[in-house]
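Provided herewith is a single structure, encoded as structure tokens, for subsequent inquiry.
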Amino acid sequence: MARALLPLALVGAFLIVAPPFLDLGWQNALINILIASLFALAFNLLAGQAGLLSFGHAAYFGVGAFAALHLMARIEDGLGFPTPLLPLAGAAAGLLIGLVAGFFATMRSGVYFALVTLAIAELFHSLAPHWQGVFGGEAGLSSMRMPWGGLIFGSLIEVYYLTLAWVALSILLLWGLTRTPFGRLALALRDNEQRVRFLGYNAHITKVIIFAISAMFSGVAGALQAISNETANYVLFASGVSAQVVLYTFVGGATIFFGPVVGAVIFTLFAYLVSDLTRSWLLYQGLIFVLVMLYAPNGLGGLIHQHLRHRGQLDWSRLARPYAQATLGSLLVAAAAIFLIETLAVVFSRDYAVARRDAGGGFPAYEVFGLNWTPLSPVPWLLPLALFAAGLWLILQARHPIGTLWQRVRAGSEPDVNPS
Amino acid sequence: MRHISLIALVVAGSLSAAPLAAKPLKIGIIESLSGAQTSTGRMFANGVHYGIDRINAAGGVNGEPVEVVEYDNAGGPTEAADKFRQAQADGINIIIQGASSAIAGQLTEDVRKHNIRNPGNEMMYINVGAEAMELTGEKCHFYHFRYTSTAPMRVNALISTMKEQGTLGTRVYSINQNYSWGQDMQAATAADTAMGDYEVVGEVLHDVNKIQDFAPFVAKIKAANPDTVITGNWSNDLLLLMKAAGDAGLKVRFATAFLDQPGNIANAGETALGHYIANAYDNSAADGSFADDYKAAEGHLPTFVEPQAAFAVGALQEALAKVSSEGGDVNVTKIAEALEDTTYESPVGPISVRKEDHQTIRPVVVSKVVKNAKYPADDTDMGFQMVKVVPGEEAIYPVQSSCEMKRPG
Amino acid sequence: MEFYLISTLNGVIYGLLLFMVSAGLTLIFGMMGVLNFAHASFYMLGAYVAYAVSSAAGFWVGLLVAPAFVGIVGMLVERFLLRRVHAFGHAHELLLTFGLALIVEEAVKLVFGDFPVNYQMADTLRFAAFTVYGTDYPFYRVFMGIVAIVMFVALWLLLSRTRIGIVVRAAERLPQMAEALGHNIPVVFTSVFGAGAALAGLAGAVAGAFYPTNPNMALELGVIVFVVVVVGGLGSLQGSLLASLLIGLFSSFAVGIDWSAADLLALVGLGDWARTMGGLMTMQVSSISATIPFALMLLVLLVRPAGLMGERG
């Protein structure tokens, strides 16, 4: 763990020192990254460490958000509760609901477990808009952060530091949990539940506790979002939110502790940077997810972890060229895909259909990436094809040397401690 | 080394804060540009762009063109909150949004809190489509303006017009979506019984955009035997309802709020003939100059929600003209005060602002679906024909007691 | 009386539609243990392909081409994507289908737009089958029901009476044994997945002409299909049919049920108390009719995960 301290310290220093100099948009993005990371880590406690795949974690995130918002509204009315401790409400709500939900959900395993969690989240999602008192109907609840202890909590930077403090604390606690015997028990459950039972442990109670802790930290994440946005809405229970956290975790890598953080950072940044540039950014997200699932089953974090683990044994000088080839090839393939998708988006759009009608049924020119193209000429179709072919060729060229070099490493080292 | 670069940063920062020339007015469109409501959000944005292009063609504000930035809120209040922060960071002065009352609720609160926390640097929110009553009720505040109608306005217009035409009947059924808008419609329908001389023979609220099969609802409606069905449904909910009614051979008149959403007429087919709609504008209600102008600028006739967004920006243009004659930097409070006093002459009638709650008093156009209309919809041979333009004073609803607006200064 | 009759008819037809969509999923899960999140996406794809083809070549051609196209897509997905991920475990398979669902939805939006498209049934089918109490009952609904029943009968006969069916069932029970006996199990898996996808595609092609074809189709139907498959029993065709009919009938009747928990409590004199409590107590069954299938699914999963007629425990 010692060698991980230096990069962690650098990241930590950046997170503490840099934000006041960034603009509001970036501060907000950082807050979202922190919240997403915490949510993903809490999810992974259940999924990666205990091996229980939950498809309805939005329920606990949402419950935490609403609990925090109710408390915030009480404080606004005069209750003397310290504003910085608002996430405790989220933790409490998450823990409580997590205990109940977990008790029932963990009675099943595998696909059935996933379906139970899905059903629970959908139950919340369909009930909440009707339950005006607790969930505020379809407009949701809204409140305002009240000053406490000399801090007004009016500006975004104060919210940022509050979020940072709570996320850091939660990550520390989660990491600490993995180091305890109980955390090891969770791993054991994932690998072989029967053996754990034979050793005398009550597997069901263990699973319930893990579920509850996972839900608790999800509740903290939800509370932090409620504090940041000062609203909570029933859409927090939507399947999309549960889907997002699954995406973050598995793209980042469920088998190493910081894997989910990698996924959360990548996707949140991606959404922040790309969502205003193109209408197809959800498609790109889906494609990235599927590609990672196919070619990097341990996630991108897992990939990085593998490289760090074996950096002594890898022949870097030999690897440099094929890696560069593979990277260039991937970039070309990505460029081809993006060009094709953006072109299709324009050509199939309504505006283009109108333009075609005005042009009397022909195929007028359209604009993509600031340049004009015509659909009838072969150029806009051959270009992505050429890029794709070139990229693919490079990747295939690089595949063999990379494969052999890694085989040598694997043959010479111990087997992975955490198989997928 | 770090100290020097830090000092440089601070100095550069403070230098850039000093204005060299009058800052241009920045308008942010925070709309649903992806997700389920994309087409609606896109149309609001189109209408706004049309209006702003006209402002800039006339010379802009203080000689500077108005800057427009689009933000995609992906149809959700959470993303809307994020984009609001981005808009704050970008120095946006006026936010415009319309597709979704839930998002409007989020944005209006965000604007209100921003203004409390940043006195002197206020932002304004022009709501061009969100019709939940609470936005000019509980959540009203000085820097929000509602440039669209609400459920009571639409229902009032429909009832009075259909009664005049003799097509209302005495038995009315109310079917709506179970959220604030649908509940508002249901309440408005129930409140007008005396005025319209009818009875509400049944009312139902159903899940929003989840029902696949409206046949059971049609069966219920049939059992109640109404003359007219009033519904605020939009998107699939309206389409499926009308399809099911058509399939079952239910001979009833529909009075709707969103029948002109693109795709509805084509999908409903002949069953749509004779149904009514109450909205902000229809091409057949005006003399055609606005429609031609819009078509020349945007490439298509103004449809659905584009006109109301364009009118809102038109009113803003007049308010800006009053303010910029005084010169100086952008002062949102002055713009808001000027907007309060602006009466915009839309192609269907005057639109003025009610100071107590910032609801616009505006005409409501009631139209009917006919064959061989002057302005066909959805590439079919059917379209809307204006029946009556209900003037603002007749359509408007009373100020809600829940609105306690704090005025600046 | 009219309400009950119409509701029963509608409920049965809606249930049969649900069966059409979930039949494929039941088959795939029973066979391969893969809960295909992209199944509803195949349904949507079928509807859109049928729309695209029927715009050019007519409704019936669309009806033929759509399931074929979706079936091929399904086979490609299984052969090149699922099989790769199979080695990484069930979770990864689940996740892959999940990502696939996202991609299909976004791709459809890319090509066809983010709004409903005008997929219409053939004019020859546009008449009233019969008239009940003054209400016309559209023939197309009956048509959908017929297609669903034909599908059920064909599948059942295929699985229980033909050689292919026996091989498929053997592969489901003991894949290694079946392979040892010389059957090409990977091909069987691919074909079953393709067949399941084709069924969903057919359901989409048929239903899309009646219900609006829009990009939210997959989301709308997707979760209900899971409910059906769980309640019926993962892997059981008959259970799937039974559960579909159950849920279809319930959804149909629930619309007319305006009771709430408070009404029930009023029977024991606690009505006023319940009404002042508000919240859950006063919610009418008709307004939360969409919630109840999930409660049912939860109940089944917890009490009897094998569902009504399931074989896998």
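When the chains are written out, they are named A, B and C in that same order, and each has its own residue count from 1.
We take it that a contact is a pair of C-beta atoms (placed from the backbone, for glycine too) under 8 Å apart; a residue touches a chain by one contact, two chains touch by 3 or more.
All values reported here derive from a predicted model rather than from experimental measurement.
Colleague: Looking at C-alpha means, what's the farthest chain from subunit A?
Modeller: Following the centroid criterion, the farthest chain would be B.
Colleague: Going by the touch criterion at the top, tell me which pair is linked by more C-beta contacts: A-B or A-C.
Modeller: Between A-C and A-B, contacts are more numerous in A-C.
Colleague: Where the CA atoms of subunit A average out and where those of subunit B average out, how many Å apart are those spots?
Modeller: Spacing between the chain centres: roughly 35 Å.
Colleague: So how far apart, in whole Å, are subunit A and subunit C when each is placed at the average of its C-alpha atoms?
Modeller: 30
Colleague: Please output the residue numbers of subunit C that touch at least 2 other chains, ranges allowed.
Modeller: 113, 287, 290, in rising order.
Colleague: Would you pick out the residues of subunit B that each touch at least 2 other chains?
Modeller: 34, 38-39, 178, 207, 210
Colleague: Pull out every residue in subunit A that's touching 2 or more other chains.
Modeller: Answer for subunit A, listing residues that touch two or more other chains: 126, 130, 282, 350.
Colleague: What residues on subunit A touch subunit B, complex-wise?
Modeller: Within the complex, subunit A touches subunit B at residues 21, 23-28, 32, 126, 129-130, 137-140, 142, 144, 152, 154-156, 225, 228-231, 233, 235-236, 272, 275-276, 279, 281-282, 350-351, 354-355, 358.
Colleague: What residues on subunit A touch subunit C, complex-wise?
Modeller: Those residues of subunit A that touch subunit C are 47, 53, 104, 107-108, 110-112, 114-116, 118-120, 122-123, 126-127, 130-134, 239, 243, 246-247, 250, 280, 282-283, 285-287, 289-290, 293-294, 297, 341, 344-345, 348-350, 420.
Colleague: Sort out for me which residues of subunit B touch subunit A in the complex.
Modeller: Subunit B residues touching subunit A: 9, 33-34, 38-39, 70-72, 74, 76-78, 81-82, 85-86, 88-90, 101-102, 105-106, 109-110, 113, 116-117, 132, 134, 178-180, 207-208, 210, 299-300.
Colleague: Under the touch definition given earlier, write down the residues of subunit B that touch subunit C in their complex.
Modeller: Residues in contact with subunit C: 34-36, 38-39, 178, 204-207, 209-213, 215-217, 219-220, 222-223, 235-236, 239-240, 243, 247-250, 262-263, 266-267, 269, 378.
Colleague: Which part of subunit C faces subunit A closely enough to touch in the complex?
Modeller: 33, 35, 81, 84-85, 88-92, 94-96, 98-100, 102-103, 106-107, 110-113, 219, 223, 226-227, 230, 234, 278-280, 283, 287-288, 290-291, 294-295, 297-298, 301-302, 305
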